[in-house]
Structure formats: C-alpha cells, structure tokens
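The two complexes that follow have chain A in common; it is paired with chain B in the first and with chain C in the second.
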Partner chain A sequence: MTTLFTILFDGVAYGMLLFVLACGLAVTLGLMNFVNLAHGAFAMAGGYICAVLVNNSGWPFFVALPLAFIASAAIGVVLERTLYRHLYARSHLDQVLFSIGLVFMSVAAVDYIMGSSRVFIKLPAALEGQFDFFGVGIGRYRLMIIVICGLLTVALQLILARTRFGSRLRAAVDDPRAAIGLGINVPQVFAFTFALGCGLAGLGGALSAEILGLDPYFPLKFMIYFLIVVTVGGSSSITGPFLASLLLGIGDVAGKYYVPKMGPFVIYTIMIVILIWRPNGLFGRTAAR
Partner chain B sequence: MTTLPDVSTNAVASARWRPGEIVFWIVVVACGFLFPSRYLIMTDIVRLALFALSLDLILGYAGIVSLGHAAFFGVGAYSAGLLALHGIIGEPVVALVVAGFAAMVLGFFTSFLVIRGVDLTRLMVTLGIALLLEALAERFSNITGGTDGLQGIEMQPILGSFAFDIFGKTGFFYSLIVLFLLFLLARRIVHSPFGLSLRAIRNNPLRAAAIGIPVNRRLIAIYTVSAFYAGVAGALFTQTTALASLDVFSFERSADLMLMLVIGGTGYLYGGLIGAVVFKILQELFSTITPQYWLFWIGLVLVVIVLVGRARIHRWALWLPNLIIRQVAGRRAVVAVPESDAS
Partner chain C sequence: MFIRRQLLLAAGAIAAAASVLPVRAEETVKIGLIVPMTGGQASTGKQIDNAIKLYMQQKGDTVAGKKIEIILRDDAAVPDNTKRIAQELIVNEKVNIIAGFGVTPAALAAAPLATQAKVPEIVMAAGTSIITERSPYIVRTSFTLPQSSTIIGDWAVKNGIKKVATLTSDYAPGNDALTSFKEHFVAGGGEIVEEVKVPLANPDFAPFLQRMKDSKPDAVFVFVPAGQGGNFMKQYAERGLDKSGIRVIGPGDVMDDDLLNNMGDAALGAVTAHLYSAAHPSQINKEFVAAYKKAFNNRPGFMAVGGYDGIHLIYEALKKTGGDATGDKLIAAMKGMKWESPRGPISIDPETRDIVQNIYIRKVEKVDGELYNVEFATFEAVKDPGKTKK
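Take a look at the complex of A and B:
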C-alpha cells in the first residue's frame, strides 16, 4: 500500500514537472497551431543556464531558478521575433522541418559548449533526502516540485481566466482576424505568450535536471513526452494538458515500477490508442485545425 | 467533346521518359564504374535514395507527413538480418522481398491509424509507432540483440553466383539494380490513374472524395506500398553492411530522411534520389570539418531551407540547368520546378 502511495507521489511530481515543461507547447501547438518540435530545446537552455549559475558561479539554487525562467523567455522571444514569426502561416511540414533543424542545432551546440555527459545541479542540503509521512517516503525535492508546479498551474489558470491578457489571448486564439479587428495586437500577444511558454519550459528544465537528467540530447529524448501531453490533453484549456501530464507521469512511473521490462512501451501504446480513439485529444475541443 | 481525352493525353505525355531522366540514370551507372574506390559510400547513397523514394510516395504524392518512416526501414532491416542469421532464407533477393513484405504488413495495419485524423495526429502516430518498435526491439533483446545489434550476419551470394566482396562492388550494383527496378515500379504507379487520384487527394481530399475517389482506400494502398519500399531499403541496409542495430528505428533517421526529400524536392520521384546524393555529400563535408558536431550544420541547412523557402531554393538550383537547356535546345525548359509541395 505504501509503495502505491510512493509511486503515486513520484508520479504526480513527474507529471507536474511535465506539465510545466509542456504547457508552453500547449499554447504554440494547440492554440497557435504551430508544430514546434524544438520546445525541449528551450527547456534544455533553462536547465543548462541554471546548472552553470549554480555549479560554476556558486549562485544559490533558488536565485538561479527565476533566472533560468527569464533567460529562456528571452531566448524564446528573440527567436519568435526573428524566426518563428515567419512560419506561422506555413505548412506543417515546413514547421516540422524548421523546428527539427533548431533541435539539431541546439543539441550540437550544447554538446560543443558543455560536453556530452549528463549534468547535475548542486542542490541545497535542505532539498536532499526524504522524510516519512505516515510510512510513505516523501522526497523533499519532489515535494518542492509539486508545490512550485502546483502554484504555477493555479497562477496560469488565473492569468488565462481572470486577466485582461488572458482574455486577449483567448480572443486571439479563437479568431485572430476578429481579434485584430477589435484592436488587439495579436502578434504581440503571441510573442508574449511564446516567451512565457519558453520561460516555463526553461524553469521546468532547471527543475527536471535532477529527475529526468540533463544532457545535450534532452530535446530529442523528451520531445515525444511533450507532444503526448499536448495532443492527448487537447488545448481548449490548460486543464486538459494538466490532467494529461498527471496521467502520463503516474502511468510512466507505475509502468517503470510494475513492468520495468516493457519500458516506454506502455506510454506509447496508450498514446496511440487515445489518439485513435479521440484524434483531438482526451479533453480537446480542437487539438489541431 | 468532353475534356476527358485531354486529361489522358496529358497524363500519357507526362509519363513519357524525358532525355534528362535517361541521362540521369546513365550518369548514375557511370559513377559505379568511374569511382571504384567509393563503393561503400555510393551504396549508402543508393540505400538512402530508395528510402527517400518511399517517403516521397506518401509525402509528395499523398501529402501524408510522417515522422516515423524509420519504423518500416527498421522492420525491413531486422527481418533481413534475422532471415540471414538463422539461415531461414539464405538467398538475398528472396530475403529482400520477404523483408519488404514484412514491412508492408506493418504498413498495412498501421495505415488505418495514420489515415485517421489530421496532420498533427499523423505526426504523433507515425512517430509513436517508430518509438514503439524501437522500445520493442530493445525489450526483446534476445531476438534483436538489443543495443549490440544483430551480429554475425553472413550473406550468401546473390542468386547463388554473385558473392558480396569487401570493396562493396557487388553490394553497390545489387542495390542499384533494386533501386532502379523499384523506381520503375514507382514511376508506373504515380503516372497511373491511381497515382493521379493520389495527387487529387493531396491537393484537396474533400473534393477528391466528392468526385468519387475512395480517399481512405487509396491512402491505405499507397501507405502500404511505401512501407514495402522502406522495408526493402532497410533490408538492403542489413544485407550490404551485415549489420542491424537499434538505431535503424531512431528518430534521427526519420528526420534525416525528411531533410533529404526536402533538399531534393517532393512529388517528382527524383527528389529523393538527388536529395540523398546532396545529403550524403553534405554529411561527409560537415563531418570532415567538425567530426562531432555535424548535426549542427545539418540543422542549420534545414532551418535555412525552410526560411528561404523550398520552392525558391529549387528555382535557384534549377536556374543554371534551365538556362543551358534553353540555350542548347532553344525551347521551353525541360527541367521544371517540382510540382507544388505537400502542405
């Protein structure tokens, strides 16, 4: 019974992490209808920035985390303004090729700068180890992830539902032309959203170094996971991707625990079955138009 | 009268062999005799060309974007490897066809998943299938050899009389003949009424359905054929290198394949062949400059191609040949910009 709870706990932490990593993609892919396979590259950028700041410059972990967010968001907005912007209207094939190209470049560039081995971020002592909670082992680090990601999720939901920016974004997504007609600066909204998504990915990347492992092949290894979250979750709200990431996280951890030999087999099968059953995602209204 | 005769005359006219195509194949065969020290890399190009041809069939003609075409390549590769390793079918040509059929069966069954949904779902499903197979191959390492790959494959002579030599001469001509035969078949397919209906589907599935084309059945058919091609390409890989490892399923392989096809252009069959040559040359070039980081340059090429625009690049690349042809033949350019790409 306690193992079950531990698995559940680890799975939730994993899922929360996936959600923070992938929710930016939910916006670009689901809402802006841009197939961005390079999303993981932004996460990797955040992770490496955090690693360099903490390990080499001796910054405290909790100061480096927001910086990972800001730096990734900055990279994101620069790339959006210079490159991505031109591709919104292009075919999916073009977008796929372009973002695969970006992934390849980022993989090789990070390999060149940082080396190909896995990078660890030195954690503060307070986050290491685990404590017992009614017999269930709770990792401190994972607990922190759940707290941070939970807060972020609530904040995102509030931003989307309650703020002026949120309503602009929803309007721009529902019907860009009408939104422009109403005086909403749609490109600006998209650029800002893209930056926010990249920043979250960067933060997720920094947090995930401990759990998922950070090496130059990060964007390729986890690309499929991000895509699963978005396609399975749909994009009508952020609740869909959120539930999908929890499902994926728990499923993956449980799968690795109970049927370790099947490896990622379980996840891919579930994904294909869900996509066949509901091509627009479990909770989706229109995952892709 | 109706316009029907016009359509068929046009179709027949476009299916006729052009001088450029004949020159192309003569050049290819000549390469085989001119560069005897380069058989290994040329074999690699021929294999890639066949693989790219198979993707062109579905991407260029039917408009299906696939990110997991390596799945069929891998199935073909492992089938051929296992057949040879356990001595089930020793003769390479028969094994090649059987491996192709193995991939074809997989293609047939997965096609039902692929025809459902839109671009994004297709991307995910094709990618998922390739990853699934990779995971399976890793899981059943007692059959596939796991990360070590299949080892100790020994190929028997082709048709019992042409043994594979260490310089790869036999391998090269064997691959080339296979490529040429399958190319002829593909050429026949795309210029047939069936092929024309595929183009109609690519351009507008709804309208194609409205004029009575069974869209889904056609897509299943071409996807299955394409899987067969990819399987044969994979089998050629195993047979000419005596090797099959997990990376036959890798995502990079599917991505490289896309790059090849995009370099060459989709929807006119030669795109894959030309793309494979250019891709291999680029790869060699980059890996001599920066052995470890050639991936960066490949990525850069992709980004630049997309940003500049595929159609524009092809116009630039064809400017010189067209100029020469216009000067020499004094008529409309023979080499045309490939038909509009799949969207």
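Take a look at the complex of A and C:
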C-alpha cells in the first residue's frame, strides 16, 4: 500500500515537471496558434544557465532557479522580436521547418560550447535523499518540484482567467483585428506571452536536470513528450495540459513499476487511447466551442 | 620557340611531381580513425583521439621507416555514417588501416568493407562479443562485455551476495552483459529476484529503482551506457538504496573513470569488474595517467586505454612486418602479440583476434579527495567467454 503512494508521489512529481516544461508550448500553440518545436531549446538554455551559475560561479541553487527563468525569458523575447514575429502569419509547415532548424542549431551550439557530456547541477544537501512519511518514501527534490510547480500552475491559471493581461491575451488571440481596434497592443501582448512560456520552459529545464539529465540533445529527446502533453491535453486552456501531464506522469511511472517490460509503451498507449476517444484532446478547441 | 620551352618546363615539373608523389605515398601508412566526436558517445571518441595523440607524441610518428598519418573522421556513432566514411577512407584516401569504432553497430557496419578491401579493422571501443567474428580482418584492443560480466557473477556468489536484482539497458551490449552475468551467477548458486530492462533512451530511473528496492536484493547488477551511469547513481542514492544496504555491482562501464568523479559519494563502495582503472598500481600506468593528465587535463578512462593499446598494436605490427602495410601481413603479425599495457599484461588471441586480458575486481574509494576504482582482486588472462562457449 505504501509503495502505491510512493509511486503516486513520483508520478505526480514527474507529471508536474512535464507540465512546467510543456505549458509554454501549450500557450504558444494553443493561444497564439504558433507551432514552436524549438520549445525544448529554451528549456535546455535554462538548464545550462542554472548549471553554469551553480557549478562554476558557486551561486546558491535557489538564486540560480529564478535566474534561469529570467534568462530564458530574455532569450525568448529577443528571438520573438527578431525571428518568430515574422512567422506568425505563415503556414504551419513554415513554422515547423523554421523551429526545427532552430532546434538543430541550438543542439550544435550547446555541444560546441558546453561539450556533449551530461551536466549535473550541484544541489544543496537539504534537497538530497528521501524521508519517510508514515512509511511512504518521499524524495525531497521531488517534493520541491511538486511545491514549485503547483504554485506556478495556480498563478498561471489566475493570470489567464482573472487579470487584465489575461483577458487582453485571450482577446488578442480570438480576434487580433478587433483587439487592435480596441487599443490593445497585440504584438506586445504576444511578445510578453512568448517570453513567459520560454521562461517557464527554462525553469523546467533547470528543475529537470536532476531527474531527466541535461545534455545538448535535450530539445530533441523531449520534444515528443511536450507534444504528447499538448495533444492529449488539448491546447485551449491550461487545465487540459495540466491534467494530461499528471495523467502521463503517473501512467509512465506506474507502468514502468508494475509492468516494466511494457514500460516505455505505456505513455504512448495512453496517448493513443485518449486521442481515439477525443481526437482534439481532453479539452479540445472544437469540444469547447 | 619560347612557348615550347615553357611547355617543356611545365611538363618536366609535372613529371617530377608525379615521380615524387608515389614514392612519398609508399612511405606513409595511413590510418583512418573513425570515432564519434559529436553526439552522446563523444567522450569515447575524444578519449581515443587523445590517447593516440599522446602515444604518437611519446613514440614519434615514424615506425619501421614509415610515417604514420592519422585521418580522423567523426561518425557520431551512427552506423550509416561509419559505413560511408569507411568506404571513402578506403577508396579515396587509400588508408591501410581503419580504426576506432565507438559502438557495436558502427564496428559491424564497417566489417564487410574490411573483408572486401583486406584492410585491418582495429576495434578500440565497441564491446559486443560477436564483432571479431564478422570479418577475419578485425582485431580488438578494447574488451568484451562477457569478459567483465561473467567475472563479477563469479565474484558475487563467492562473496556472500545471494539475491540480485538486475537493471540493464535494453540493447545488444546490455543483453550481452545480462546473459553472461546471469549464467555464471545462477550456476554458482545465486538467485535473480528481479530482472528489469530499461529502454535505452530512458529519462527517469525512479520507477525501476523503486522496484529494485522493493524486491530487497543483496545487490543490484547494473549495466547502462556510458553517460547514464551518473544519473543512475544519483537516483540510487536519492531513493535510499544505499542506506537499505543494497550494493551496486556490475561491469565497470558504469563506473568509468571519465565520469566517476562527478557521481558524488553515492558511488562509494560500488564493486565492479573491469579491465582498467586509472588507479591501477603499475609503474607504466602511473606514467600513462600522469602524461595523459598533463596533456589533456583529465583522467584517462578505459576507452583511452583501448585507443592507446590499439595504436601500439599497429606500431608493433609494422615493426614486425618491416613496414609492410598489406592487410594480411599486418593481421598475421598482430595475432598472438603480447605486451604490457597501462591496464596490465594483455595479448591478442591468435584464434579469435580478440583481446585476452586481466579482469580486476574494484571498489569505489576516495583517494586524495577523488573517487577511484581501487582494484583488490585479479582474474588473470581472461578470454572472451562469449566465444569459448562454442
């Protein structure tokens, strides 16, 4: 019984991590209708920035984390203003080709600068190991992930649903022309949203180094996971990807524990079943309308 | 008239150049070094390249009157690339020897070319048993996985480890390691309580490790490709397997000297069987490690030693043939060759062209503040058990 809770706990932590990594993609793909396959590159950037700050410059881990967010967001803004902006109106195929090219460039660049071996972030001792909670083994690091990601999710939901910025963003997405007519600075809103998504990815990248491993191939290796989260969750809200991440995280961990021989297939089986049942994802666009 | 004289001069120059070129070509022996220099296996290629540079720096670049020329090519461990590059090197560059090969599929991809062109293929890294059977021109200076996996199986049953859970990566070398370990461990009276094969591109070991923990073994037998070892050990410690008294055993790839220091104290006490440790206490190894560290600011791992011995084998074979670089003569010269390597005494089996070497049982300990595999038992002159079965 206690094992079940440990598995559940690990699954939730893994799912939360997937969510933070992928929710930026859900925003760009779902709200801005832009296919950004290079999303993982921003996650990788965050991870490497955090690693360099902590390992080489001796910064404390908890200071480096927000910096990973800020730096990735800054990179996001620069690229959005210089490159991405020109592709908003283009076809999805162009966007895919452009962003996959960006992925390969980022892989080569990081390989060149940082080397191809795996990078670890030195963690403070307080985050290492497991403690026992009524017989359930709780990993300290995974607990921290759940706390951070949980707070972020609530904050995101509030920003999108309750703030002025959230309603501007939704208006800008639904009908950009009308939104401009109403005096909303649409390009600015998009740039800000894009930066937010990239920043979240960067934070996720920094958090995931310990669990998923960080190397120059990160954006390619995890692109599939991000896309699964977004397709299964549907891209019309934050709730969809969130539930999808949890479902996939728990499904993946439980599958690997209970049927290790089938381990790697579980996550894909879940995806196929859900997509047959609801082709637009759990909270698909057409389903919502 | 004037033009004719110029033409004559030009023709003369061309003739002179033409007569000079082939002579020079005869005096060089070209070695095509095909290793992964980019991608996940890049550390293998870099170590081999470093070791060869170091060797040539120490011993000079001429042997038996021939100049040795290394042509380095990156295959990123993709077998299609390996095959294409090997073909280019053999046909266009006219190399006398191809060498390197970071992973098994790469070594296998080049094998038919070696046979067809009668060019020796020196395998310096890849470790699946079958490789040397794929061409009579393949000689190996690295290791085979059954060599170390059978030995750790024998050692474990004799040293109070009764129940073992296995965690191996699901690909050829992983399966090689698993079958040979299981055979020897079970034959000796041990019991496998849990057997998990993890996918090669595995992001998170957590669920598998939890399963290991719950099956309460005396030890976990691990084989994961180089690079994933660090992640494994971190999560092993995170999950508290070390505190539950579950030991880590395995072939030494997991505790590669290249990565060991970054694993942290979680790795302390892990017992592995392998061909080389940077802490091997021989004079020749001390000099090798010191020279390597000085040149590249890093510790050599077993891949570096594979490269170092590979180039040594080529040098010695050329000395024996008096500089004759024909494939058949070189292979004949290499068969049965014996020498003292930084890893200890080794030889090339004249029957299988595979390496015969000592396998050491080592434990991770802290020496001068750094983690090292400290050897404490030796199994001498181990042949590849993957082949002797037949």
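Things worth noting here:
Here is the rule we go by: the second predicted complex is superposed on the first by the 283 of 289 C-alpha atoms of A that agree within 3 Å, B and C clash if a C-alpha of one lies under 4 Å from a C-alpha of the other, contacts with A are read in each partner's own complex, and residues count from 1 in each chain.
Note that in this section contacts are C-beta pairs under 8 Å (C-beta built on N, C-alpha and C of every residue); 3 or more make two chains touch, one makes a residue touch a chain.
On a predicted model such as this, the values are computed, not experimentally measured, just so you know.
Contacts of A:81 after superposition: neither chain B nor chain C is touched. In the superposition on chain A, contact is made by A:215 with chain C only, not with chain B. Of the two partner chains placed by superposition, chain B and chain C are both touched by A:261. Of the two partner chains placed by the overlay, only chain B lies in contact with A:101; chain C stays clear of it. Set against each other, chain B and chain C touch different numbers of residues in chain A, with B touching more.
In the superposed pair of complexes, A:109 makes contact with chain B only, with no contact to chain C.
In the superposed model, A:120 makes contact with chain C only, not with chain B. When both complexes are overlaid on chain A, the residue A:137 reaches chain C alone and has no touch with chain B. Contact with neither chain B nor chain C is seen for A:162 once the two complexes are overlaid on the shared chain. Comparing the two interfaces of chain A, the one with chain B and the one with chain C have residues 111, 261, 263-264 in common.
For chain A in complex with chain B, the residues that touch the partner chain are 29, 35, 83, 86-87, 90-94, 96-98, 100-109, 111-112, 220, 223-224, 227-228, 231, 261-265, 268-269, 271-272, 275-276, 279, 287-289. On chain B, the positions that touch chain A within their shared complex are 59, 65, 67, 113, 116-121, 123-125, 127-129, 131-132, 135-136, 138-139, 251-252, 255, 258-259, 262, 292-303, 305-307, 310, 341-343. Across the interface of their complex, chain A is touched by residues 38-40, 42-43, 196-199, 201-204, 206-208, 210-211, 214, 227-228, 230-231, 234-235, 237-240, 259, 262 of chain C.
Touching chain C in their complex are the following residues of chain A: 3, 6-7, 10, 14, 111, 115-118, 120, 128-130, 137, 139, 141, 210-213, 215, 217, 221-222, 225, 252-257, 260-261, 263-264.
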